[in-house]
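Each of the next two complexes has chain A plus one other chain: chain B in the first, chain C in the second.
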Partner chain A sequence: MTADATRVKRPARLRQAGIYAGLVAGAVFAVFPLLWGLSTSFKPEATVLATPVRWIPEHFTFDNYHAVLFDSQIPRNLLNSVIVSIITVAVTLLIAVPAAYSAARYRFRGKGGLLFFILMTSMVPGIAVLVPLYYLAVKLSVYDTFFVMIVIYAAWQVPTIIWILRGFFESIPADIEEAGRVDGTTTFGAFVRLILPLAKPGIGAAAIITFVYVWNDYLIASTFVSDSDLRLISVGLYTYLTQYGTVWGQLTAAVMVTLLPMIIAFVLFERRLVAGLSAGASKG
Partner chain B sequence: MTVTAPPPVRAAPPEAPPRPRKGRRRYGPVGLYVPALVLVALVSVIPIAWAVRLSLYRTRGLRTVEFVGWDNFATVLGPDGWGDIARTFAYVVISLVVAVPLGLGLAVLLNKPVRYIRAFRVVILLPWVVSQTVAALLWKWLLNGQYGPLHSLFGGREPLADPIGSMAALILVNVWISYPLATILCLAALQTVPQETVEASRVDGCSPTQSFYRIVVPTIRSTLLILVIMLTLLYFNMVTLVYTLTGGGPFSGTQVLSLDAFLQSFQFFKIGVGAAYSVVLFALNIVFGIAYIRVLRGSSDS
Partner chain C sequence: MATNMNRRHLLRLGAFAAIGVTTGGALTACGDGDSGGDGVAELSMWTFLDPAGTDPRGKALKEIVDGFNASQSAAKVTVTSMNYAKIDGEVIRAANTGGGPDIVNIYTPQLAQHVEGGSIQEIDEYANDWLSEAGADYLFPIDSAKVDGKLMALPWESRVWLLWYRKDILDKYKVSAPTTLDEAIAAGAAIRKASGNKITGFAIGLSEQSLGADFMEKFDPFTAGFGGEIIGADGKAAFASAAGEQAMALIKKAADAGAMGREVLTMGADEVVNGVKAGTVAMAIEGSYRVASARSAEGVGDNLVTLPVPSTTAGKNMPTAVAGQTLAMGANTDHPEQVWAFMRYYLSAESQAKFAAAGVLPVLKSVYDSDAIAKAANATELLQWRDYLATDGKVSRFPADYSELSTNLVKAAQNMIFNGAAVPAALSEVQTQYNQKGK
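Presenting the complex of A and B:
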């Protein structure tokens, strides 16, 4: 008891230092590869392979960024990724929100089975259905279109998003719609005017999760499009690597350009994201 | 509108839907699922059924040539396939053993009321937005044995040039892109642990370590279980990272089942064998998926 009591009163300052040490170590591990890439992207090609290694470039240059932004397909790939990501987010939400709302508010026979079925489809490994989907896409002559990518992305995100949003809708008290209906609004009206605004954090989190997923996917983007004008950014990056050999300066500049929008979005929405992911994962 | 006061909440018997409009009583709620059902049926269910069929045939291009029964599975699960299966499990298990404690540990630290905590949170969770392709490129450059900043660490050897080194690198990068998910989920769960209980245990004489293992860990047990299952699924199905970081090499040192499925189908055009690998993966996913749903059910009942 006395020994434990002294341990409880372990010097607070030491504990504080330990916490900071852990946090700094974690932060270093997280950004180490990113910083090395950033450093390389500002180096002239001649000094990229110089040893000893320099973290701060001796000669600072924007040439790599110039090459990426003006003499490559990367801006085009970025634009494609933005278009496909945004449409996918819209389609996914349009399909997942009604189902999630129904799951949270209504009971009917077979509901458990239906939800189970939808959730189980997210257990289908992407790689397993790639060949059949490829064949299907060619048959239906939608190969080499944004359309086919959007449909597949949406289908793979919908189960997860239904799960996350269902948790959110359940956390909104049903009395709110009751009150709306008492005031004479329709079910749909009450949903749009009363529930949607309250579910904003959840919908925001769902949107970010879907956006990041599409932005980062390589498998679908590389399988369903061969036209270089339709390439998404992940494939564009990889093509860049193989096309020009390993020109590390330009490659890391391209990587930084593709990361920047994601990092900005992440910094802006980080709180919302943590809330959204936790609601989806902890509610059954 | 002359309406009496709204009935008290939960006045209706629990089976009745909360008063949907008449006429839509039966089909409305189900109808809201239809678009989702059509989409997943078209993109997930029909194709996986097709893949199962393909796995039982010898194929030429995309055409099935002849029914061969379990022959393709004999390639996957037979003596030649054991190496890949063993590597897959080693890769998944070691990644889990590193990523889960790391994610939980960082979540515990990020849950402390210290200064700059929000900045730390953003920085530590940052790898979450990095794609597998980009992670592979950045780490390849970082681990470059000749010109990378860590080259003196490797004694001039290229870590990605030998089978053990590249498996270690693969696990390291895998942990790097997946620990933020662990941290996010653990952080959210830790915030639900009532402070009073923890403090009470401290008053009763628990050391911080004891109260962590006896109070905190049991409280977030279901989140930890879900996390382990989610990561297991993620690792088993990981194709892009393996393909872009090591391509399965050197000397098959990082050849895992998911990559086999991809390479057989898209590089060697042995669609039937590729499908067999996919079906094995699918079966693994189902096992862990059902475990996932069990945990969810269990935690919502309590």
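Presenting the complex of A and C:
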């Protein structure tokens, strides 16, 4: 190795070390509260605020998890969130996939304006239409049902998903459909048999975006449901913020339980999510 | 490829989407579970207590509701638990669309807000006879539950604000227990200095969180202690008075003397209590309803001592606010008679004893003679609290826009205490602004 090459390599290594150090610092910053929450969830309530602060609980306990899983509504809230999230994802995709495909492939009068209008609707802040939506929900007797939440969530997510998927469909070569047509398939057949399988990463990414949105939402979930049996997890967690103080041990245990499905979903679909988002971004 | 979309294509895709939405709707149209038809009035009760949780007060609520449901066949109460910070908005919104609960739990300072929001109805018609019989048993005048002279709710829980101090911390820094507020401030300053500012000697939360409640819970009784009031009999703000200035000067003195630093700007009642639990706050004025929770923390227990809040003169106490939880009748209930029957059951000596056993300070004098109080580990203290409430309890007026006023006042207090704003001028500014708005 020449001296010049060594000189070039040293700054590169330094730069790489700097990048890694930055990434590690970022990761620690992001994970720190989670680890603290995990530690707190294994502490008896009496020692949660004890000083000096201990990362490893002196008295390790599963009582908080027992209370959350067996003496609270959290499991029910979790199930509700899973149901509402999955159905919202299905409804959103059912509407957004054909709409995005149409926007990517077809020419029709007012298409640009329509797409802009669709995008514009997603920019209206939720709080701005909350009162009329609430009034409508009560008057239509759908207040306190999963149905009302699913309709609102889907309505809110469809515009965003249409725009994400439109870019994705545009990145798929139209020649594939033309070849299919030459072989005798219909437009619908080409869409279902040829395009949808190729669009799986994009659809997966859209599904995860919608799922996460519903899972994390508090505004709609707290406004349109008061029945504790229908409550979603984001609202259920507030149970531990009581007038007599915050029940930190159980709250952090509930948060850990709540995080689990999201972590599993990300681990399982991480590659698809990244592929889907980057593919849409390159063309969109 | 770009294809011209014809009508057939559009119809096909439209139908596809419609089927999707319909299927989704059918799948999810569930959850509205109101039964009926058997002549039993289904009553919904919205409260901040959680009967399904581990909190003893929630368990007491469950016992009481189950007891009521089993005691008669005309009505069945179902409890919906809501976060305490959300419940008022939810009830008012629900009532304004023709719904809402039949029975609702309301904290006294929020009663006027509910009256203005049309979410509850007056109960004089139902309560008068009962009050003429049982009203004398109330520990304090029921006026705290009246708005514009009409009874809007029945108080079922009492609370007093007390001077809390951590005996172990005072002992560690060789400071005597205070007998006046001036002594408390001096002791707090000594502790904060000796601990290298790691312990707040005497904390009054000045955060805007929770609408400045921790500050108002001191400013209001202090003002009363100096002979003034926050809201006058005419409904107008009256705190920019000599009494209000003295009260604010007293709080400012705690900061000037060094008993509390700028850390209190980020503290509400929760943070102050957490500080007491963690040993980073030596003294504070907090509610009786939080004592049990604070004592349960490791190393606290009997080290947390409570006293009636002393005044600036030895042997004399500051007044304490008369506030607490109440039960009100929903504006849209179809079953007022059954709701009233439940309210009476909730206020019975048996129900009050159940709450007392769960650490709730009862509102009925007779309950203090019950086994529930006698068996309590802090029976002597409970009786001391009762006496403080009976002797020095002060009913305040809480207008519908009280939360806006308290937020503005705590912002002004931050400036007066830490940023050098002149006390009389800043108080006058908030008062004038409030009164002009109310014109």
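The rule we apply is simple: the second predicted complex is superposed on the first by the 258 of 284 C-alpha atoms of A that agree within 3 Å, B and C clash if a C-alpha of one lies under 4 Å from a C-alpha of the other, contacts with A are read in each partner's own complex, and residues count from 1 in each chain.
Convention: a contact is a pair of C-beta atoms (placed from the backbone, for glycine too) under 8 Å apart; a residue touches a chain by one contact, two chains touch by 3 or more.
This is a predicted model, so every value here is computed, not measured.
Partners chain B and chain C, once the complexes are superposed on chain A, run into each other and clash. Set side by side, chain B and chain C differ in how many residues of chain A they touch, and the one touching more is B.
Contacts of A:Val182 after superposition: chain B is touched, whereas chain C is not reached. Contact with chain B, but none with chain C, is seen for A:Ile19 once the two complexes are overlaid on the shared chain. Shared-chain residue A:Leu140: touches no atom of chain B or chain C.
Judged by the touch definition given at the top, the superposed model places A:Leu260 against neither chain B nor chain C.
Contacts of A:Gln250 after superposition: chain C is touched, whereas chain B is not reached.
Look at A:Asp227: by the touch rule set out above, it reaches chain C but stays clear of chain B. Once the two complexes are laid over each other on the shared chain, residue contacts for A:Ala99 go to chain B and to chain C alike. In the superposition on chain A, A:Leu268 makes contact with neither chain B nor chain C. In the superposition on chain A, A:Leu79 makes contact with neither chain B nor chain C. Only one of the chain B stretches 5-13, 23-31, 41-49 or 185-193 carries C-alpha atoms that clash with chain C in the superposed arrangement, namely 23-31. The interface of chain A with chain B overlaps its interface with chain C at residues 48-51, 94-95, 98-99, 102, 105-108, 131, 135, 151, 154, 174-175, 177-178, 187, 223, 238, 241. Per the touch definition, chain A reaches chain B in the complex via residues 1, 4-5, 7-8, 10, 16, 19-20, 22-23, 26-27, 29-34, 36-37, 40, 48-51, 53, 55, 94-96, 98-99, 101-102, 105-108, 111, 114, 116-133, 135-136, 151-152, 154-156, 158-159, 162, 173-175, 177-179, 181-184, 186-187, 212, 215-219, 223, 234, 237-238, 241, 248, 251-252, 255, 258-259, 262-263, 265-267, 270, 273-275, 277-278, 281-284. Within the complex formed with chain A, the chain B residues making contact are 1, 3, 6, 9, 15-21, 26, 28-30, 32-33, 35-37, 39-40, 42-48, 50-51, 54, 62, 105-106, 109-110, 112, 114, 120-135, 137-139, 141-142, 146-149, 151, 176, 180-181, 184-185, 187-189, 191-192, 202, 205-208, 222-223, 226-227, 230, 233, 236-237, 239-240, 244, 258, 261-262, 265-266, 271, 274-275, 278-279, 281-282, 285-286, 288-289, 293, 296-301. Contact residues of chain A toward chain C in the complex are 44-51, 67, 71-73, 83-84, 87, 90-91, 94-95, 98-99, 102, 105-108, 131, 134-135, 138-139, 141-147, 150-151, 154, 174-175, 177-178, 187-188, 222-223, 225-230, 235, 238-239, 241-247, 250.
Of all residues in chain C, only 1-5, 9, 12-13, 16-17, 20-21, 23-25, 27-33, 46, 48, 50, 52-55, 57, 80-86, 90, 93-94, 97-99, 270, 273-274, 277-280, 289-290, 293, 296-299 touch chain A in the complex they form.
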